[in-house]
Structure formats: structure tokens, C-alpha cells
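Okay, so here's the structure we're looking at.
To keep things simple, chains are lettered A, B, C and D as they appear, and every chain counts its residues starting from 1.
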Amino acid sequence: MINKQVHTAAEAVADIAAGATIMIGGFGTAGMPDLLIEALRTRAPRDLTVISNNAGNGESGIAALIASRLVRRIICSFPRQSDSHHFDTAYQAGEIELELVPQGNLAARIEAAGAGLGGIFTPTGFGTLLAAGKECRRIGERDYVLEMPIHADFALIKAHKADRWGNLVYRKSARNFGPIMAMAATSTIVQVDEIVPLGVLDPEAIVTPGIFVRHVVLTSCQMTVGASGN
Amino acid sequence: MINKQVHTAAEAVADIAAGATIMIGGFGTAGMPDLLIEALRTRAPRDLTVISNNAGNGESGIAALIASRLVRRIICSFPRQSDSHHFDTAYQAGEIELELVPQGNLAARIEAAGAGLGGIFTPTGFGTLLAAGKECRRIGERDYVLEMPIHADFALIKAHKADRWGNLVYRKSARNFGPIMAMAATSTIVQVDEIVPLGVLDPEAIVTPGIFVRHVVLTSCQMTVGASGN
Amino acid sequence: MTRYSRNQMAARVARDIAEGTYVNLGIGLPTLVAEYLPAEREVILHSENGVLGMGPSPLAGAEDFELINAGKQPITLLQGGCFFHHGDSFAMIRGGHIDLCVLGAFQVSKGGDLANWHTGAPDSIPAVGGAMDLAIGAKRVVVMMDLLTRDGASKLVDQCTYPVTGLNCVSRIYTDVAIFDIGSEDVLVSEIVAGTSLDEIKRMTGLPLRMP
Amino acid sequence: MTRYSRNQMAARVARDIAEGTYVNLGIGLPTLVAEYLPAEREVILHSENGVLGMGPSPLAGAEDFELINAGKQPITLLQGGCFFHHGDSFAMIRGGHIDLCVLGAFQVSKGGDLANWHTGAPDSIPAVGGAMDLAIGAKRVVVMMDLLTRDGASKLVDQCTYPVTGLNCVSRIYTDVAIFDIGSEDVLVSEIVAGTSLDEIKRMTGLPLRMP
């Protein structure tokens, strides 16, 4: 019987090694897989490349990974925020490399990876600093920049509900990067609020089919493990 | 108040003129917008370019458009079928131009148009007759063909339910090309089984947001019009 | 000289938005436009983090931090609204499906180039978000800004000195002093806030403007 | 010489498909493989027209012609199955998410080139469907075919004479006579149907084959 559920976040991230490229879902805190990021920080593989919309807020999540000096490089659209001080410090000290990507190109490059495309011509960024050094081409009456797919070894995302096949539904704007990152990573690991029996999720409304999912872990798993006697 | 419903199929297709490029949804008969195609055949604009997976079966749908000599060119993946005799005859008589596209490239090119991309490098078709004369490029360890987006003036598709904003859900494998064609056409016209009040469709389960839809018409509209006294 | 307040500018922008328009309001000043759309006029607001049909802010205590806008503020969803992922959301933008995008700006050039993402200061940390996609994606991109900086320099310029966000993408500029339309040849002053003359505006901008 | 029937070939392919595998079975002969997957082994079948989790054929009278497979035959959906659009469906294929694709073939070359879409006859109407995407997309592509044509020519060839569907994409070929694995240097005969010798197979194909 297929069962993609694992019982602890530590188990879910157990084979993420130093040097891995990791997509992390979320837009701000909506859809941020906080449990999985914390398990990753505890595991502490170094030299990570992180792909995410932001570069961390406050003290938790990606900010905590940066504070723990696990992140060598980050690909994101919006690193600078009012509370991105861990990123800011690391960046200004030259300890972290930044690839800044317009948000829609970030999404499109992740989608291109998931769909097996080798590159895409996008109009976004043409004529700007962020297209510097990139191949450009006029197609029809418009100018485009050639952008390459962004793949990852792992995607850490958050969804609302899953079943044992790994089918996922999301909740409101916490969906954001989850579905496309799930398609672009070799291994997708999902933190969910609830696991339901197979057949409960409406086949017309499943957003991420289980084919894109490797492990599912309950957000409440730490507590569950604690409650059961550890 | 926004209301995308129109009351007859004739009204829905009223501004499709000769020379138009038209996407037609469906995979075989599943998802085929038969009512809209019949209204188009009645209207009879000539020199159409049709983009669809197949080139018509039997006597109705795209086959009827071809039999009425309205189609100058067809872009599809699978024209030859056991009952595609109208296409076969027109093709062999040199009366219809065929651009044969692998099904996944057809989908990806339609998606590229909807997403505003200028071109995509796809691995499908590399080294085959269908890539003849096209730009190819090795990227990483793989060979790709540059394929261009396919736009349309109109998309005729079938969905299951709509609301007055044009939000759509589909039914089973009748979904197929509907959602991506809706995004790639300037005007998308949808035939639906049912129109429900705004707010009835689950916002987590809407497949095509109304932004991609111009007109919605009930599949039962002909009967309704008839019943009301014509 | 009379100048529009932020609220008056927002009200003026809102006046031009017809029922049925799909609109993305950029972070900051443009967000205020939503407050001036009459409730009976159905205008569908897009947020690039995957929401179409944004409603008003939630009541205090009713916030749901999984239902936020691009500025990461809690929002509500109207009946008929829906959710989708970032890929689809930016396909809406890049693919020209959004009718109108209202953005703030550091500078707009007379050719419609937009600068609104980066001051170019060498020690600053750059952040772009969706700015470049929004700049070039919508069917119509308009800017909402004070005409002058605090130092009195015109933000409507001959050529942008800040790094650009997009080229030749702005159609109209709503300012506290006047409304400007970017023509193919020159810049038109389409509407002037009462009490200011075209000559004054020409002096403020240093540009050869004309009335339509 | 003993040869596998179509059903025996299908059973043999099915034996190699482990639980949890995501599989696309091409139109025609490969479809038969589904009949030999034991019900208790969860194998998830993909159909390129937007279905994951295909179940057995419906009972007569229970067909739903909006629930069909790529061959346009009515199917059913298992619990846990789902629907998606053609874009996502081919992203699954092209993006390498399908573990295994089983295809029929006119010819396979010793280098793993596949020809299965077009006889190349000048007066024929070409049709490709999803063949080229399936050929190059899945993590592992295997072919299922009789080794010889009705005229006795080998379909495992030095170089394809029919127009190719994809280059260097086939890993394994299940035939009525033997199973062949395409190695980086040569073709291995991994399993022979009882009663046939390697020498006979070499004669049938005219290729320098070896046992692993």
C-alpha cells in the first residue's frame, strides 16, 4: 500500500545533505513550512542554495537558517524587508550570495523546470539591470530575455490537507509557490494540517497530484510524538 | 453588475469573422463544445485557422466545419482517426493546410501564449521530422527545439459549471484543453451545463478564473429559447 | 497652488475604473484606490500572491494570515473570488489578462519608462518582487505619484536616472498636480488640478508638455 | 520456437512494475498491461488527457464519455485519482515525473531510438498525438512489441528506417521472443523465452547481441 506519510519532520528531511538546492514555499509567512524548516535547521546541512520568494523574516524560518550560517546562496525576488535583518547582515558581510529574480520570472523558471523545458523567453526584466548579460531576442513586436529553468533537489512546502497518495489541497493564499515548487524538485516534502483517507479529496479539486509528492508530515506531528510518550 | 452569460450560442459567436484563429477544446468528444461549433458553422465565417487536438470525427463538430469548407488551416496533434473522413478528403485534395504538432508541444505552446512568453525550448520532437527547420539548442545535457506560442482570437470550450463572473469548473477528463485555451485566446466563449449563483463555486476549486472568460452560454440554451415561445 | 492629497489622488484614479475591470493595485499608495471604488461597482482586484476578487480589510480580530495581499496585509475574499498558484497568477499578469495595473514610482520618463524598484544606491539591498512583471504585463499600466520629490525635483523626467523597472510601459500618470498621458510623440497634460497652469507644470517638470 | 502471446507479454511487463510506480501505458498493446497488474498492488496509471489513477473499464451501461483514456475508451477513476488539464498532464510527462512509460513500436534501434508514429509513406496522413512527448519524457521508457514484422523483418534494428519519434530514449524492449536492454555500448539479451537460443535471436535481428 502506498503511504507517503512519515511521522516526524526529522525523518522527512533526513536525506537533505550539505550542498543541496532547496525550494521553500511561502509568501511571507503564508504557506511557509515552518516545521520542516526547523527540522532542517536542526539537521544543519551546510552550503545550501535556497530558492524562495523572500529571504526570511524575524528569527524563524529561512531567517533562522541564515542565522545558523547554513545558506550559501539564495535565489529570491524580495529579500529586503523590515525584519530581514539576518539576511541583511549576512549579505552585507558577503557571507551569502544573492540571485535576485523578478517574482514572475521566478515562478515561470520554476514552472519551466517542472515541465521539463530547457529555457523560456520572458518579457519581464528586458532592458533592466536584472537582464544584464542575458541573451535577449526580439520576437514579433516585443523584446524578451532568455531565462533558464530553476530545479531543486528538494522542495519544502506547506499544504492544508493530504491523503496517503500525497494528493494535496491548499488553503487560501497559502497556496502561492507550493504547487509549482512541488513539480520542480526531485523530492517534495510537505507539511500539512490534516491527513484524510484516500478518496476524501475531491478529484476535481486536488491541486497537487501525489505524483509530485514524496513525503507528507503533519504539522502537529511534534506534539503527537510528544503526547505518545517521548 | 458583471454578467458574462449570453442567451444564445449565435450571440456568443456573433463577432467571429472570416480569417479568425479559433481554438476549440476537447479531446475526441470529451469537452467538445458542440453547441458553439454548430453556431459557428451556421454563422459560416470562412478561412478559419482551427487549433484543436483532433481534426474532427464523424459528421459533427470540427468535421462539420471542414465539410462546410470554412477551415483553411488546422493546427493539431492527431488529425487521422477512423472517422476523420472529412479532414482526410480535404487534406488529400489540398484544400486544408495542416500543422502537425506533438500533443505536449501543442499544450505547452498554448500555455506559453497564455502566460505571455515569447518562446520555449522543449525537448519533445528533437531529431524528428516535426522539428525540421526549427532552431535547436543543446542546454545542459539535453537537446531542445525552440517552439513559438500559439495565440488565438477566440477559444470555444466546454465546461461543467460557471457563475456570472465567468468562473469555471470542468467535469472529469472533459477538462483537457479548456483551461489552457481559455488563457491563450483574446476572447474565450464557454458552453456550460449549468450556471450557478456567484459564491456557489468553491474558491479553492475554481479551475478557470473568470478573468479568462468573455461569454458563457448554457448548453441547453437552444431548447430554452425554443420553449419560451419561438 | 492646490494639490491633491493622497486620498484625492486615489479617488481620482478610482473614478476612471469601470465596472468589470480586472485591476492590480501595487503596494503602497495605489492600495488606497480600493477605498474609493464604490461597493456597487464590481471591480475585480488581483493580488499577485494568488488571489482574484479581493474584498475589504477584515475586521480587527477576524484576520486570517493565510489570506493576505501582496503587501502581506490580511484581506478578505469577495463572493466569486478564487485562489490560484503563483505560476497562474503571473501568467495573468505577464499574459496581458489584467486590464489595469496602478503602480507607484520613483520616476517615469517622457517615453513611459518606469523606475520604481531600486534607488541604485550601491550599498542598498535590492528587492524587486513583482514590480517588473507588473510594469510590462497589464493591458494598461498607470502610475500614481506626487509630481515632485520632497526636494522639489520632478519625477516625470526626460530619461530615468534610477534603474528602470520596464521600458515604454506607462500610459498615464496620476499626480497631485495633474494627469499626464504618454503619447507616441510627447506628453499630454490631460487634466490639471484647479489653480495650476500649464506653464507652471512645464516649469516644474522642465518638459515640453502640451494640452490634448 | 515458443513465443509469448500478447497476453503473456503484457503479464511479463506487469511483473516488473513495482507498487507505487506512476505509469503511462501507450495506446494499443501496452494498454493490455493494466489487466495484469494485481489489484492489491497499487500502481498509478496516468492518461495524457488529464487523468491520474485510472481504474478498470466500466461495466457495460455505466460508461461516462467524459471519463476516457488517451485511446478515447471509457475508463473509471480509482479512489485517490484526480483530473488536471493538458498543460499539467504533459508537464508530468515532459518533466520526468512519470516513472515508466510502456509504448508500442514499429522499430527500435540498437541505440534506443524509437519509431512508432509514422510509416513515412508519402500519401499517408500523419498523426503524432502524444507519442513524441511520451518517448522522451518518462524516467524510463520501455517498448512492447513482437520482435519480427509479419514479413519476418526484425523490428530491433541497427538504425531506424521509419521516421523517429525520439532519439536514444528506449531502455528496454519486451518482445515475444526475449527481453532486450539497451546498454551504452551494445544491446543485452536479458531474458529469453524458453526454447529459443541467443544464436537464433542474433540471426533474427542480425545484431551483435550478448547476454549480460
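The rule is simple: a residue touches a chain if its C-beta (ideal position, glycine included) is under 8 Å from a C-beta of that chain, and two chains touch if they have at least 3 such contacts.
Worth saying up front: this structure is predicted, and the values here are computed from it rather than measured.
In summary, the chains found to touch both chain A and chain B are C, D.
Inter-chain centre distance (chain A to chain C, centres taken as mean C-alpha positions): 29 Å. With centres defined as mean CA coordinates, chain C is found 34 Å away from chain B.
Work out the mean CA point of chain C and of chain D, and you get 54 Å between them.
Each of residues 77, 83-84, 87, 90, 93-94, 137 in chain C touches at least two other chains.
Each of residues 108, 111, 115-117, 122-123, 170-172, 204, 207 in chain A touches at least two other chains.
Chains touching one another, given as pairs, are A-B, A-C, A-D, B-C, B-D. Only residues 1-2, 111, 113-117, 163-165, 167, 183, 198-199, 201, 203-204, 206, 209-212 of chain B touch chain C when the two sit together in their complex.
Interface residues of chain B, counted against chain A in their complex, comprise 108, 112, 115-123, 137, 139-140, 142, 144, 148, 169-172, 202, 204-205, 207. Every residue of chain C that touches chain B in the complex is listed here, in rising order: 19-20, 22, 42, 44, 46, 52-53, 77, 79-84, 87, 90-98, 137. Residues 47-51, 64-68, 72, 77, 83-87, 89-90, 93-94, 118, 123-133, 136-137, 163-167 of chain D are the ones touching chain B in the complex.
The touching residues of chain B, when paired with chain D in their complex, are 27-31, 53, 77-81, 87-88, 91-92, 98, 100-105, 107-108, 110-111, 122-130, 143, 170-180, 207.
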